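Alright, structures below, take your time with them.
One chain, chain A, links the two complexes that follow: it is found with chain B in the first and with chain C in the second.
Then we have the complex of A and B:
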């Protein structure tokens, strides 16, 4: 009886908790956090196209909604307009599905883009970045930020936690995210990469940097380092992985050796001494 | 079932169900079956392989679990420690070594229980299920360490805020939504193990005989003449 009540209570709790997780984020915030890293409204092209007057493009609103719900599926289905956009973005990186994207969310975003397109200057026109040439000091500082020896001012995690570069030392960088040696090429140059780093748009990076954004100065240095790395060969993950495994195995074997040394006479010494004390002369 | 709904179920509903089960059943079992709070040592039944199974397993899992707990409690300190690649590598290699030690010990525990008739007799279905869960958890943890480095860093930046969001009753699944499948599996199995905890021999963790550390040693002997 009590088991049955507990089971029912558990099921009800699970259903209620799951059903009540509503996404309350409004459209401008959503656009700022998820779209601005690749798009502007009236600020020119970044990795993705400028979205000003989106509703006047040759595809209709239904197409836009389908695309927002699953860009990869539309591109892979051979749609000519989707292919055109994909090729213009470099033909390598698919637009990700926005977090918690629904048909209603897509409708709201399209309404927002329409409204912003009518303004002389949209709030999503994008930030202006310095065009000054990169120096050796910029590149050096960028590498320090990447590897973490110079920590990000707002407390964001260093890039090496999840990414690798062609010249990351010893065991290499993290592998949760991609190798960034060619990131300047993938994201279509300095301006697009800088805009992307203002609010990194992947689902993994977004929550980290939402509360810990990088400063313009830090972005400048990182882009300098990334630009200098373009064209180099990315790091080799399998060699680093084997080295890590071997080091771990050596460490584990060393620990087993330590245990054996510490307790070599584990079957004898403690008990023998205690028996000696409690009954002297009771054994040979 | 959409990915969004599945994530909400696995990383919001399931953790709460497991944590509440852990809290309620742990207390209920202690109140109703206090004497069942034990790991039911099998050392008297077999003492030859016992050491090589239990000692590596316990030292391994204690250190690895403590590492997860520290990264959860003081993530900024872990990130500060990792701010030099050499220190990051030292931490990761050490964690992997203790993870492998856990695996060696756990495989030893399972083989010993399976191969010795006397011990197999006192091993319950719940024990076998627990061993299977711990084995999968250890293997997935080692896989994550090898294939998705550097866990100590991204645990501190992504999983610690997610776990805090659970405890603060404002679950934020965005921190884990895009994690690789192996990482998600490791998280889900961790919560399932926490939920399963009060039904298993794992409860002995809560009644560690701490006085062993300071009381005088005792020797147990036969009273009669042999």
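Then we have the complex of A and C:
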């Protein structure tokens, strides 16, 4: 009896300890997974501003915490500083609320940013992407990666599973995510798009790519492909639907043919055949 | 030796006049219900003809019965354990409604309710399935008396192996011929319907061998419908259960002959018990086609043999049943005289209904309005009978003529014998020679004559005491049964579990 209580106590203690440690530990991870696709610390502006020396901005820590808890509300309330950074981002992209954001989490994040700002080279400076011009080979490889004819090295799902492009063939791509023809424009150019791809931040993409990040090389190719497609008209969903219907009809006809030959020896109407063959045009 | 008793039947085709009284009696008692309207547990077919359902004998289409692959394995043609899975949503060998017929009645109300018009109202045919007006295109007896029909008679599956000339003769004037084949469930010894049922709803009653469908266990697989080569299991589309001839067991249990037997105008039907050796069923069912009839006979045991009687008692068969077996008219037709033969034994279900093959007039030809017979010997020449020997052999001898020839020769000899006795235009010596040639004696000929022509109710139907009390005792405590019985089904059979 007492042994089992002890055992249970140990288990509970272990769970609580692990949870606390994880909580304390995961601020950098949290930043990496949720913030780095738009922000750097000392790496320059992406979609969102560079966060280096955040504490030296003219708004205070409390403002920051309010903003983290609900950015849209603060922006829409007409706060002047919020308007400023909103306009700087192009006036279109609201910062999303980070998943599981609490006051404690916001405090931790701000502490982390302060600490990282003091370093010479922060771990969140962002990956530096080469500026070399895209070649035709890059674009071609990008398209292959998008369509899944070339697999992502880390095993992530191919883009076509959820997205489509203006030149996606036949049945088109998936419909879960948006059409990516204009993605370069939407995400403000090559640099921020590349940063986004390092750690995609949406609820759907994050869990998929968390364990299977794309390599710099792959991102380079994909961005080349996306950049080339910018300005083209996106794929037409209704055309895809007609293609789907036609392929369905052809497929069904094919299946009918296959099953008809598989079940060739099944029972066919005897009487009707007999009457038709014996006295054509003269029944019943 | 595993001795069992089987209520068996003989239909004497030479006596059948095709009046369908049997079918009507059966229909009125058992199948005059919604969903059973198309069922004819008893039907009478014209041969040559296609029968009911259309061309049921064509197993290349219906796939009924057993297949013996030669290396000692029997297989159900239509379905098997492995094949039931890929065919679970559609049994590929199921006859459609069109191969039976769409049951119909007439709109009699119209005769009373029709508005005033320029002509008399009519009662138009309406479907018994959806109640709409139908154009009747076939029925259960659509080819009745249509011997010689280029549509029905010419497509009889039993014409296989006949020469072109013989086939032509069957439809030419003055040579055309037909006879009747009344059919009920054969209550087979190796029933394919029972073997095929995935739910175990079909069973063969231990005490009398009647094959029945348990309406509470039937799960509408309809494997029995496709498995039965005689197409004598029908699916009730209303209750969703299969049904078949029950050999009027409630009548048998109270000492009455089944309705179709009782009502038979031509007195063609005989019913009695046969004792058989159940240990040999499988071996016999595997025999090659030409040995099947003999093999089937060899399973049936002599009820007078003391050893058989002792074994029968050991197997729990009561004295009353053994006595009934000794007096069985079926035993005499099948075993003593060997003139009754099982139908289509090549299906290997070992049917326990036997047919005495019919005699038919000799061939004739017409020249200048004068009819000439091709044979001077009207009573002797069974080979120039209008029904070709091969046709009867296909029906009753698995395609082999020997047993059919024997049965017909003996019947001919009996006629000669009786003609010598009563008319006297044939001398006794010739008649005796005929009898000898047909493996028959004067005494046997008299017996055959009596049981064929002068038979009484008691001669034709030797119904064994059913001893239901013993059968119940085997399954259940008798007092418990007495308390529960008498209420019948609380509700009728229904679709679903």
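Rule of thumb we're sticking to: the second predicted complex is superposed on the first by the 210 of 284 C-alpha atoms of A that agree within 3 Å, B and C clash if a C-alpha of one lies under 4 Å from a C-alpha of the other, contacts with A are read in each partner's own complex, and residues count from 1 in each chain.
Quick note on the criterion: a contact is a pair of C-beta atoms (placed from the backbone, for glycine too) under 8 Å apart; a residue touches a chain by one contact, two chains touch by 3 or more.
Because the structure is a prediction, the values reported are computed rather than measured.
Of the two partner chains placed around the shared chain by superposition, neither chain B nor chain C is touched by A:239.
Of the two partners chain B and chain C, more residues of chain A are touched by B.
When the two structures are aligned on the shared chain, A:119 is found in touch with neither chain B nor chain C. Legend: residue contacts after superposition of the two complexes on their common chain; A:274 is shown touching both chain B and chain C.
Judged by the touch definition given at the top, the superposed model places A:263 against both chain B and chain C.
On chain A, the surface patch touched by chain B in one complex and by chain C in the other comprises residues 263, 266-267, 270-271, 274-275, 278. Of all residues in chain A, only 263, 265-272, 274-275, 278-279, 283-284 touch chain C in the complex they form.
Residues of chain B touching chain A in their complex: 4-5, 8-9, 12-14, 16-17, 20-21, 47, 51, 55-56, 59, 76, 79-80, 82-86, 88-89, 92-94, 96-101, 104, 145-150, 153-154, 156-158, 161, 171-175, 177-180, 217-219, 221. Those residues of chain A lying in contact with chain B across their complex are 10, 13-15, 17-18, 21, 99-100, 147-149, 151, 155-158, 160-162, 168-176, 202-204, 206-208, 241, 244-245, 247-252, 254-256, 259, 263, 266-267, 270-271, 274-275, 278.
Remark: chain C residues 50, 53-55, 58, 61-63, 90, 92-96, 98-99, 135-138, 150-151, 154-155, 226 touch chain A in the complex.
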